[in-house]
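Which chain is which? They are A, B, C and D, in the order written, and residues in each are numbered from 1.
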Amino acid sequence: MKIRIYYEDTDAGGIVYHSNYIKYCERARSEVFFSNGIIPQDMKSGFVVAHLEADYLQAAKLGDILEVSTHPIEIKKSYVTLYQEIKKESKVIFKMKIKVAYVDNGKVSKIPKNLLKIVESMI
Amino acid sequence: MKIRIYYEDTDAGGIVYHSNYIKYCERARSEVFFSNGIIPQDMKSGFVVAHLEADYLQAAKLGDILEVSTHPIEIKKSYVTLYQEIKKESKVIFKMKIKVAYVDNGKVSKIPKNLLKIVESMI
Amino acid sequence: MKIRIYYEDTDAGGIVYHSNYIKYCERARSEVFFSNGIIPQDMKSGFVVAHLEADYLQAAKLGDILEVSTHPIEIKKSYVTLYQEIKKESKVIFKMKIKVAYVDNGKVSKIPKNLLKIVESMI
Amino acid sequence: MKIRIYYEDTDAGGIVYHSNYIKYCERARSEVFFSNGIIPQDMKSGFVVAHLEADYLQAAKLGDILEVSTHPIEIKKSYVTLYQEIKKESKVIFKMKIKVAYVDNGKVSKIPKNLLKIVESMI
């Protein structure tokens, strides 16, 4: 998944605002589901972030084109841990391990089969 | 209502990103309702933006403290037009006329009395 | 230019937050310059927003794919007024007239020829 | 430092978008410097994020008032590691360990004395 950096993404320091890389990773995760026809409507269930660890290796700038990749590193009954990487011209500039929980009606629940299949397809 | 400008508000041009002033105005409108105990829960109804006209007079920068004021200029059965102004050190740097419609279950509807009272209190 | 709507674009009302449409229009304007090799580095000069008028016709939702188009309607020495439209499945859901000024070292200045050419190419 | 949750902070899931908590923590860090009169102007130097680890314990909603606290846990020559916590009604809903590097002209550098003093004052 490619991301172009626009003005909205940058801050007065002239580089991409740090929490935006985490947004790009979410775009990439969502895109996998959206492009498989899974676009949540009722919002009573879905994945929520439980934990994340991120390393900032190099800054991106206005006009840059970044590439986000996503791979599951652990799949449990109700949780998935993913490894996501953002590259700029084939160099890794940001990497993150993120654990998401499947929540249904406010409770951590078993991941439905159709979603699990999509997660597994990311390997 | 006072707004401090943080890194997230600025862009690589070193000034506040233009659409953010429109967000500050929404914060000010919402704050009037929130501070009156009106915090929407079900989201099936509420005000949505129909039209806006904005003038950008001067740019705000990192660390600035801005002040937003809000006044209704026309109150109709289902619509309210407000005038909002953003000042920096008592100088107007942004002004906007915004028309919002009250929508219930997807249809433009009569503004409920308790909300109308709050709108009228802004005069 | 196509825009996919992600979680970050929506709000608790379940629809795209109103000021985001204005961001999408800026992405489209910037993309015209970026794809022509104009990516500002020093930030001492550039276009800044002077005035805008926007009509919100229909709301976009999570997962929607929108399309933004941009056309100049008036080109002056230091100002350009553009008409921008956002469509969802070929239906216009948002339209905006936006006037931008060319600013150099804090002063409204004559638009440089190479930028003017790009603006004219949008007709 | 108190943060009110507005529409812009929430997403279609009805809760605060996950990367926004990281923005609130940045607001709190910046506020410590701003309120001490340190508002960067030239942007050639400053703190940049190197690493962060975040735990999401509970979700915040529209209208909530959150409180962010910040404490240094390790202060080195060029790096500072901070512990930040976000509370909602005195309950911790988010916590983060964040390591920032002081960068001058693109190179990791010794933290200037006046900034170090402010960091130490957060203990």
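In this section, a contact is a pair of C-beta atoms (placed from the backbone, for glycine too) under 8 Å apart; a residue touches a chain by one contact, two chains touch by 3 or more.
Since this is a predicted model, take the numbers as computed values, not measurements.
Participant: Given the two chain pairs A-C and A-B, which is bridged by the higher number of C-beta pairs in contact?
Facilitator: When A-B is set beside A-C, the one with more contacts is A-C.
Participant: Can we say the copies chain B and chain D touch using the same residue numbers, with more than half in common, or are the two sides different?
Facilitator: Same, since most residue numbers here occur in both copies.
Participant: Where the centres are mean C-alpha positions, what is the separation of chain A from chain B, in Å?
Facilitator: Distance between chain centres, rounded to whole Å: 31 Å.
Participant: Could you please state the distance in Å, as a whole number, between where the Cα atoms of chain A are centred and where those of chain C are centred?
Facilitator: 26
Participant: In chain A, which residues are in touch with two or more of the other chains?
Facilitator: Within chain A, residues 7-8, 12-15, 17, 19, 23, 26, 40, 43, 62 contact more than one other chain.
Participant: Which bits of chain C are touching chain A when the two form their complex?
Facilitator: Chain C residues touching chain A: 4, 6-8, 14, 23, 26-27, 30-31, 34, 39-40, 43, 62-63.
Participant: Hey, which residues of chain A end up touching chain D in the complex?
Facilitator: Listed in rising order, the residues of chain A that touch chain D are 12-15, 17-20, 22-23, 26, 40, 43, 46, 48-56, 59.
Participant: Where on chain D is chain C touching in the complex?
Facilitator: Residue positions touching the partner: 7-8, 10-15, 17, 19, 61-62.
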